[in-house]
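Next come the structures, one after another.
Both complexes shown next keep chain A, but they swap its partner, so chain B is in the first and chain C is in the second.
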Partner chain A sequence: MASTLPVAPRAETPVPGRDAQASVPAPASRPVRPRRGRPDWRKRAEITLLAGPALVVFVFFVIVPVLMAAYYGFFRWQGFGPPTEFVGLQNYLTIFQDSTFRDAVGHNMLIVVASLALQGPLAILFALLLNQRIRGRSLIRVLIFVPYVISEVVVGTGWSLMLQDVGAVNDLLGKLGLEWLQQSWIADPAIALGTLMVIITWKYIGFAVILMLAGLQSIPDELSEAAAIDGASFWQIQRHITLPLLGPTIRIWAFLSIIGSLQLFDLVNIVWGQFVSATAGTSTMATYMYLNGHMAGSYGYGNAVAVVLFVISLIIALIYQRFVLRRDTAGAITGGKEKRR
Partner chain B sequence: MSARKAATAAVAMIGLVALAGCAGGGGSADGDVSMTFWHNSTTGDGKAYWADAVEAFEAENEGVSIEVQSIQNEDMDGRLQTAVNSGDMPDIFMARGGGKLAAVVNAGAVKDLSDLISDDVRTDYGDAVFSAFTIDGATYGLPVSVLPGGIFYSQDLFADAGVTETPATMDELVDTVGALESTGVEPIALGAMDAWPAAHWYYFFALRECGQDVMESIASTLDFSDPCWLAAGEDLAAFADEDPYNTGFLTTSAQQGAGSSAGLLANHQAAMELMGGWNVGVIASLTPDEEPLADLGWFPFPSVEGGDGAPTAMMGGVDGYGCSKDSPSACEDFLNFIASPEWQERYAVSWNAIPASASAQTAVTDPALQPLIEAYNDADYVVVWLDTLLGQNIGNALNTAVVELLSGNGTPESIVETVETAATRG
Partner chain C sequence: MTLAPERPRSSARTASARPPSRRGTRTGPWGRPLVYLSAVVLVAVCMGPVLFIVFGGFRTNSQITTDPSGLPGPWVGSNYTEVIASSEFWRAMGSSSLTALATTAGVVALGLMAAFVIARYDFVGKGAMYSLFAAGLMFPATVAITPLYLLIRNLGLTNNLLGVILPQIAFALPATVIILVPFLRAIPAEIEEAASIDGASRLGFFFRMVLPLSLPGVITTGILAFIGSWNGYMLPLFILSDPNLFTLPLGVQNFASQYSVDTAKVLAFTSLSMLPALVFFSLFERRIVGGLTGAVKG
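This part shows the complex of A and B:
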């Protein structure tokens, strides 16, 4: 990345650190050796001290639980005492034979696609508008971000109260003379998933807008000014300058959105409760795991579901990183390759 | 390398020591005994009852102290499971018998109380009520309350609809639903969001369709091939076709707020609800003035034509308490203490519920509970709620399958199938 900057041609002027290191030690190499060893040792100690606690926490609270889940997934286990009844891959067979689980995966995929399709364009549009100098801009920015700050429990409870058959939304529609629009918003399987998407969009659009706004701020004004001087219209500027430069932000947001959609649990569990989300057509892999693992007390089976959920998320995340995020993460994740280039 | 290893090991040790610090138990010094006690009453008179009972017991027993923790009912199973596994089980814990208690007993975590419950208590209680806590001939819990089920109804709304006799057969129930519908109230409140209230309808149809021997052996055989299980589903499907339940029952909860099924009854929005004996107290907490509903009545689940079950058979739950395996002997002392007539009578008043001790049942004053006590004492036999009886895994699957049926997504056959596949998971 750095090599493309216009600084490169001026490399002859002494860049302090690197040049000094390369030239100075050469004549007096002997006294340097012991010194080189010591900083190395100190560096290692420093790394151990600073990264050690985080590493221990990561290993014990992420890696070990994942491995334990994989282990428990091979047992029929009620959760009391150590698991003893080894059943091999039986749990996994049951998972994939269960049409309720396949439905849940389908709902997850729909939520992934619909989140991207609904929130992406809307967020970019809001961000473009809020990047202009308009009256009350700060207030609107705050208002759009507020739902994201409110806890999921409050949001879920609030929406579920309003969307009941005899709730505020249907009441309002009735008072407006729009009886034909009244629906069984959360109980009717034909529209419940749509209702969920409205709630998700309302809840999470603020986060997307803030990300996009931050992305927009990092685009220098000079570019659009130059384009304007060349006669580009407002929409041409957005289409050909802003959007391409916003690309990295959009790709990162989409990544976060996909992961969030795959692991969606709290909103569904609060609006639909623990038991009826599958019936209403809004169950996700996570609510399936909670109901059939935790609520049912079948912990071995629940762990197997957790492993499937983990693998599905991991595969999607890796594919996305490999093919979509490659340009953006080139420096950070694929550091080795960058050096060779 | 070795330096790094040493540092890593040091950090790990610190972490382990910190973790071990959390798990320290409450040891007893110089003969003093301390116990932990979990119950499920988080508010009001019920919570106050336990606080009073513990205080009185501590005053009577020098050197014994009990630490009380009230835990949200829905969290109880999960918390207990974690506590059992971490070796930090409460000394006195709440139990409802059936398959759920059996799972904890099989893990070797529960004290056998067969010879520890005092003879006085046995005499006061009678034998029948202990059956829910009896596993392989041994008693693992002391009941404090019996909670038989049936249909709670509003006498005023019945009168408004011109219904003078409570329905005794399914046909009469359907007629009553029709009469109530024409007056504009919801005939039956149903909290299907919590699944178990909806499943109650299936349980009771099964109670009427299946004979006593089928019901009493189902927990051990898990054999649902008897045609009565399918017939119960067909009965329920036919009844649901009459559209008797409140609008939006699928997303109605059972006990939270005025919009819940109990709340609909408490506010005269709905006329009937099929529930257990605790409902009197729950409805009382949801009326506008938080007083017991004055016109609340009760009648047993109607008879079903051609069923093998006795028409007087009842289904219901038993709330009780058990002692952990390693609890001090003060634990069974405490259980015997709260089983005394005095504290059982106070239980009846505080909880608006039927005490387990037969001799304390005269203390029940609530008029809605009187017919319930009569029916309970006249019942040919009493079966524990099917989900409790069958254990968490199958009970859970059965409950959700009934919701599927009521929502129009399932069939009577799918209830039986779902229950059978659930048996392969847990």
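This part shows the complex of A and C:
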């Protein structure tokens, strides 16, 4: 970069004040690429001016905190004054020896798997449904995205009222003559995680459907029309044409879903509260971090938990990108191979 | 399964010669009762809990206790009018509006400028810049929230809406940049050359051509940022402890614990708090789906 710097003044016209006009002579000498005629320092100033603010804000509020967490994680520290009590890896040892943290990790993993298994197939089915030419399609689309648009707090408050022992869900089951299905949905540790999965599916399936619909709309109609003319049934068309072509969308959605499941905090904290989630069997790494770091005032420990959460997410993200998303660089080719088999 | 690999492609050519009206005969508008039935069930499942909240606000507590899953009978408006008359609701509404609007403006301005640089400049480190934002996409605020709280506290911005707005801008930037870059790349180079010949600088080109031409993408990312901020829970939870500054999500939670015996009023407060995001979304639903289509296609 530094070597190109002396070139810039030579290319510059001797009128530095009139910046806008400085580029005008350039197109005359090089009519094809007027960009090259611009002085280098000017281009760099523009890049700095335009990208600088975003980079500064992003680095300062996203990157720096993560690095700070890595540093603070080595201290026992209540968050006041500079951290002084260096404890090495003690915080990390405590984290991994704490069975409630291991439970939380287990819950996170179950949520990851269950989210993929529940939301994926359902979202594809719903997207196929909403891609049909039916009356009121755009209204239906808006309505099924409503749960995704309303906030976690609204969802959590509404569902926790509905799921009380004397709440609307049990009442409705009673009215339908299904008393044997009535449960203590939130408090019973045997089913609380299942309850959480129902709420999560209800809340986030709209997003999956938006993505799948977007993917479906980029698949040309001609392919399925041609297959229909050749006598393929609706489900054969979906299985052999739509699904392979939807592959890249499904894989991107799955990635976002996995990351979201690993970071889950809001719904659990709202429905179960910070203290109950561990005993109800719905705690996650993030609620553990909130309870044992922020609420307990143990910021050294809380930051160590943040680092563990970050590293687990990063490892899973990298593995996923290495083994799954890599295929998308050759998505069409992969789809073709599958059909030929 | 009976499909040979080559046949769809070869017959696609012959099919394209036929009039496209054939499509309509295969899936007639009322031709599939099963499709309609599942659509109705789907909508009922999605809207049920929402209607529970909205209708619950029109009931009395004794109605809710005696018949938790029933409809309002008679309808009572007092819960809603009491919430609308309360200063608590409007304070939270004000905090949420201010935070969401400032976040949206900041994200769109910074994101558009950064995306413009990535899309239309050639320079060393361009790929790294894109990867930096793309990596940011993978990590929502959860992983950084504990140290972020300390950073905000050191800046003296706890119990200050700026302490929520600035990190929200930072965490919404990755998605904004990633969605906007394809929009800005799609602006033909000829337009830029024409503008340049007419004497416009690159910055002039940015304001006069790029801004209007990328408006669909800008609207999409703006709405996503607005809704994200409006619904944001974790960041305000850590940063704001003064109830006078609470945004609506914190307000709802606070109200729900404060009036835990007054279920009907809690439901009225809750349903009023979701209204603005819902209005925004239904107005721009097509834009959001369209913007995401562009992003997925890359």
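The criterion applied here is as follows: the second predicted complex is superposed on the first by the 286 of 341 C-alpha atoms of A that agree within 3 Å, B and C clash if a C-alpha of one lies under 4 Å from a C-alpha of the other, contacts with A are read in each partner's own complex, and residues count from 1 in each chain.
Quick note on the criterion: a residue touches a chain if its C-beta (ideal position, glycine included) is under 8 Å from a C-beta of that chain, and two chains touch if they have at least 3 such contacts.
Everything quoted here is computed from the prediction, not taken from an experiment.
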First (chain B), second (chain C), both or neither touched by A:Ala232: second
Which of chain B and chain C A:Ile315 touches, first, second, both or neither: neither
Touching partner for A:Ile270 - first (chain B), second (chain C), both, neither: second
Chain B versus chain C as contact partner of A:His294, first or second or both or neither: both
Contact breadth on chain A, by residue count: chain C or chain B: C
Partner chain(s) touched by A:Val64 [first = chain B, second = chain C, both, neither]: second
Partner chain(s) touched by A:Glu222 [first = chain B, second = chain C, both, neither]: second
Partner chain(s) touched by A:Gly79 [first = chain B, second = chain C, both, neither]: both
Which of chain B and chain C A:Leu161 touches, first, second, both or neither: both
Partner chain in contact with A:Pro53 - chain B first, chain C second, else both or neither: both
Intersection of the chain A residues that touch chain B with those that touch chain C: 44, 49, 53, 55, 57, 60, 79, 161, 166, 294
Interface residues, chain B side, partner chain A - complex: 3-4, 7-8, 11-12, 15, 77-78, 81, 84-85, 100, 103-104, 106-109, 192-195, 247-248, 250-253, 259, 391-393, 396-397, 399-400, 403-404, 407, 409, 421-422, 424-426
Chain C-touching residues of chain A, taken from the complex the two chains share: 1, 19-21, 23-24, 27, 34-35, 38, 43-44, 46-47, 49-51, 53-55, 57-58, 60-62, 64-66, 68-69, 72, 79, 126, 129-130, 132-135, 138, 140-147, 149-155, 157-159, 161-162, 166-172, 175, 202, 206, 210-211, 213-215, 217-218, 221-223, 225-232, 236, 239-241, 248-249, 252, 259-260, 263, 265-266, 270, 286, 289, 293-294, 299, 302-303, 305-306, 309-310, 313-314, 317, 336, 339-340
Chain C - residues contacting chain A, complex: 1-3, 5, 7-9, 11-12, 14-16, 22-24, 26-27, 29-30, 32, 35-36, 38-39, 42-43, 45-47, 49-50, 52-53, 56, 65, 67-69, 106, 110-111, 113-114, 116-118, 121-124, 129, 132-133, 136, 138-140, 142-151, 153, 166-167, 169-171, 173-174, 177, 193, 196-197, 199-204, 206, 227, 230-234, 238, 248-250, 252-253, 256, 263, 266-267, 270-271, 273-274, 277-278, 281-282, 285-286, 288-289, 292-293, 296-297
Partner chain B, residues of chain A touching it in the complex: 41, 44-45, 48-49, 52-53, 55-57, 60, 76, 78-81, 90-91, 94, 98, 160-161, 164-166, 184, 186-187, 189, 272-276, 278-280, 291-292, 294-298, 301
